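Think of it as A, B and C in the order they're written, each chain with its own count starting at 1.
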Amino acid sequence: MSDIVRVKGLHVTFSTFNGPVQAVRDVSLRLAAGEILGIVGESGCGKSVTVQAMMGLWPTAITTVEAAEHTVLGHDCRSFTESDWRTLRGTDIAMVFQDPMTALNPIVTIGKQLEEVIRLRQKRRRSDQKGAMTEGIAEEVIHLLRQVGIPEPERRRNQYPHELSGGMRQRVVIAMALAGKPKIILADEPTTALDVTTEAQILLLLQKLVREEGMGMIIISHNLRVIARLCDRVAVMYAGTIIEEGSIETVLTSPAHPYLQGLLSSLPESATDGRLTAIEGQPPDSYHMPTGCAFHPRCHKAMRICARITPTNSNVSDEYSKRERVQHVREHQQTRECPHQVSCWLYRPEVK
Amino acid sequence: MGMYLVKRLTGAIVVMWAIITITFLLMHAIPGGPFTEEKKLPPQIKASIEATYHLDRPVWQQYTEYMGQIVKGDLGPSYKYIGRSVNDIVAESFPVSAQLGFGALVVALVGGVIAGVISALRPNSWIDYGVTFFSTLGISVPTFIIGAVLVYWLGFVWPIFPVALWKGPSYMVLPILTLAAQPMAFIARLTRTTMIEVLQQEYIKTARAKGLSQFQIVWHHALGNAILPVITYIGPLAAALFTGSFIVETIFAIPGLGKYFVTSIYNRDYTVILGVTMFYSALVVAFNLLVDIVYPLIDPRVTVGRRRD
Amino acid sequence: MYSKEDFLPLQPMRCDESAELITRPGPWQRLKANKLAVLGMIIVCIMIVAAIIGPWLSPYTYAQQNLLEANQGPSASHWFGTDTLGRDLYTRVLYGARISLAVGFVAAAINLVIGVVYGGVAGYLGGRVDRLMMSIVDILYGIPLLLYVILLMVVLSPGLTSIFIALGIAYWLTMARIVRSQIIKLKEEEYVLAARSMGASPMTVLFRHILPNCMGPIIITMTLAIPEAIFTEAFLSFIGLGVNAPMASWGVLAAEGINSMRSYPYQLLFPALAIGITMLGFTFFGDGLRSALDPKEGGTK
């Protein structure tokens, strides 16, 4: 039971003006302690919705979240109420939000916004403190700000978000997630709003902090380069479901799903003859999901069955994933399976 | 800050100058002058009266005199109550109006914000429907009808509160409720809308993801942002309360400035009309100035002098 | 379970892609789906129709006195009863609708014309002219205008025309501000720049490309201005500055009703209901319009 997060068969449905929209369909994910899992996919494919559902952030009034299994640190979260969630949030599972411009309260100083989490943690962990906590709250705020690389933290903590640059704000958002010393961090495109230099700094910082504290992290990005640099494992999402999953090396070097193959060959660096290729067509409209495999209208390898029945997961190659497993064990000194799985009819045994 | 204050004060002075000038021009636009209605006055007496009030001088001279008078804070004599100045009338009756207005201001702000927040926290619940119903009703019915209905039910059908005069706390209940009803309804609607909008903001999601309690989220993160529009409404609110008080003081026979004002309209007592208009305008300008100075203290994004749109 | 055919390549048929275009609800659909907004619209329409044809359907006139029938309660011959002078209240309330609604629409129309011209000129010309024109608006904004409406009414002597003038010239400020800010925003839009770069004349740009896109906020401001004017007229009537007797707006009727409220509460009830229901109608309609035209407030996220 080394998984700190396990989700099976997650469905998220929004009720909207035009009727229900299935934003996430049958997603299964797991995360081990100390592991970094990446989720990639284009905008609107349900990445953010998935992770926000993982910590119960969707209001029940307009959203239905269903899952066959949903465990966070051993707690069964399927029937969690808002107040049950509250006991986990901040100190066990924390989130780094996407847009640092809107994720901070504009009329509260960043120091105060950090303090809240520290106080909360101190209150919750009062029982298992062994007198070691002597650091005052103000010192801890300064320490956190310094940890995420904010210069002059003594002065900065009394400033309001609008007085900080985008990169600085994103660092504050990260500090806020770290302040509760959580075991799981969900990072929702933490660098989209930043320029390239800052992006690299922030990503390295996140990776370093997560490794140092032994936390598990799920990081969302639409940027394959970010994922390649950071993660142990990657899950690729398309139109609300995971279509391919495996260790980062395998998935990126030998992609199985036609969508991912197309995506990778559309990257500028993979253009061999100097010409860019692109996946034809548009991602499906969430009000009119295609039947069967959601990708089939754009897939040049599509078969008749693809339009009829949604494919289930299959291992890409047993042999390959065995080798993979050995390699992974060697690297991480852990006995973990990391099968390369894809949901595509091309890889079903029936097809062969 | 110092520069800003100077700038705002200059602005306020310009506004006051505009007010005085408009008022002066309006006074002189009255056909035939203020004493025309006293038809039977013999010409000598009329001339002497006009001489007393300097109405026989050229217009520009009257204007400079009037300006000088106003700058000194002298609102002039009453044409109808001989021997009393507008200043006397204001000094005597404004304290009553101030009590009424301040009471209504507090009731409207506190009641409106609380109602708006509660209904925004439970959208589409029965309490939200209740608040929405009463606040929509409140902005749809004129103040004098609200006052009349309150008088009818709480004064006659169930005589709980006195319905006239101003002699103690129990006398204040109905007038303050009447005066506060409309602004309170408006504030409740405003607060509800902005609060719902604020609750959908990312930073509220951040606060939830931090594990904060509902109370902390509402109190520390949502409320401050949600009442910003309410604060900018305080200036217009003051103006609304003054004009509302004309009605409320007339209905409840309260000896305040508003009642004098309405009476002086019936009597065509021009100097009192002009004086009271000037006095209330100055107060509204002062309120707006106050709000503009206080606002940056609450919203740090607004560096003094630039209000966020 | 599967036939062999299933694994044949899929025919490239992509017709459904273009056929099933996304249909996002337009403002009109959103407005129609909002029951309260529709109710508001119906109320306003009924009131307008009643004001136009209502008085003809009554055997009495608004000024016809019959002291023998004074202060009668509602009955078959006098649906809303009669007032202290024996005038038929039903007829007077419908006549009042004419006056009150006329005040609302005429005042709002004057506001519209002044506001659109003033705000349009300031916004379109920009620069120094804009700054000057808007600082005038700012100065006027600092003045409690209702007081000056009262002063104007005192100066102009009470009457319907005076009310039109006083309300019309006092409340155009909001409209001017909104039109100006819209125009300034739209002036910078890509499609306006595109039109201009293709050599469209300033008039074409203003009337073809800018003004039609300001319609939303302008209509919303109108739905607020009309009830505001009706309210102000009622207020003026109450302090004795309304239309001249025997004409009567709802405000005059309600003010008269208050005087005889203790003995004959129905004399207040009917005018009060008429004002209240009409205001509700405008409020519902305005709220619905605002959330229909402003997708940010659309409710579905």
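Everything that follows uses one rule, which is that a residue touches a chain if its C-beta (ideal position, glycine included) is under 8 Å from a C-beta of that chain, and two chains touch if they have at least 3 such contacts.
In this text the structure is predicted, and so the values were computed from the model without any measurement.
**Q** Indicate which of the five shapes (line, ring, star, complete, other) describes how the chains touch one another.
**A** complete
**Q** When the mean CA coordinate of each chain is compared with the mean CA coordinate of the whole protein, which chain is closest?
**A** Of all chains shown, the one whose C-alpha centre lies nearest the global C-alpha mean is C.
**Q** What chain is the most remote from chain C, judged by the mean position of CA atoms in each chain?
**A** Relative to chain C, the chain whose C-alpha centre sits farthest away is A.
**Q** Using the stated contact rule, I'd like to know whether B-C or A-C comes out ahead in C-beta pair count.
**A** B-C
**Q** Averaging over Cα atoms per chain, report the distance between chain A and chain B in Å.
**A** Those two chain centres are 54 Å apart.
**Q** Centroid from C-alpha atoms only, then distance chain B to chain C, rounded to Å. What do you get?
**A** Chain B and chain C have C-alpha centres separated by 24 Å.
**Q** Quick one: chain A and chain C, Cα centre-to-centre, how many Å?
**A** Taking the mean C-alpha position of each chain, the two centres sit 49 Å apart.
**Q** By residue number and range, which residues of chain C touch two or more other chains?
**A** Chain C, residues with two or more chain partners: 301.
**Q** With touch defined as at the start, can you tell me which chain B residues reach chain A in the complex?
**A** Touching chain A from chain B are residues 123-124, 201-203, 205-214, 216, 220-221, 224-225, 298-301.
**Q** If you look only at chain A, which of its residues touch chain B in the complex?
**A** On the chain A side, the touching residues are 52, 55, 57, 61, 82, 86-91, 94-95, 97, 99, 102-108, 116-117, 120, 160, 162, 173, 176, 180.
**Q** Once bound in the complex, which stretches of chain A touch chain C?
**A** Residue positions touching the partner: 16-18, 62, 281-282, 285, 287-288, 296-297, 301-308, 345, 350-351.
**Q** Using the touch definition up top, name the residues of chain C that touch chain A in the complex.
**A** Going by the criterion above, the answer is residues 1-2, 5-10, 14, 16-17, 20, 22-25, 30, 33, 298-301.
**Q** Under the stated contact criterion, what part of chain B meets chain C in this complex?
**A** Residues of chain B touching chain C: 11-12, 14-15, 18-19, 22-23, 26, 29-30, 136-137, 139-145, 148-149, 151-152, 156, 193, 197, 200, 239, 242-243, 246-247, 250-251, 262, 265-266, 268, 270, 273-274, 277, 280-281, 284-285, 288, 309.
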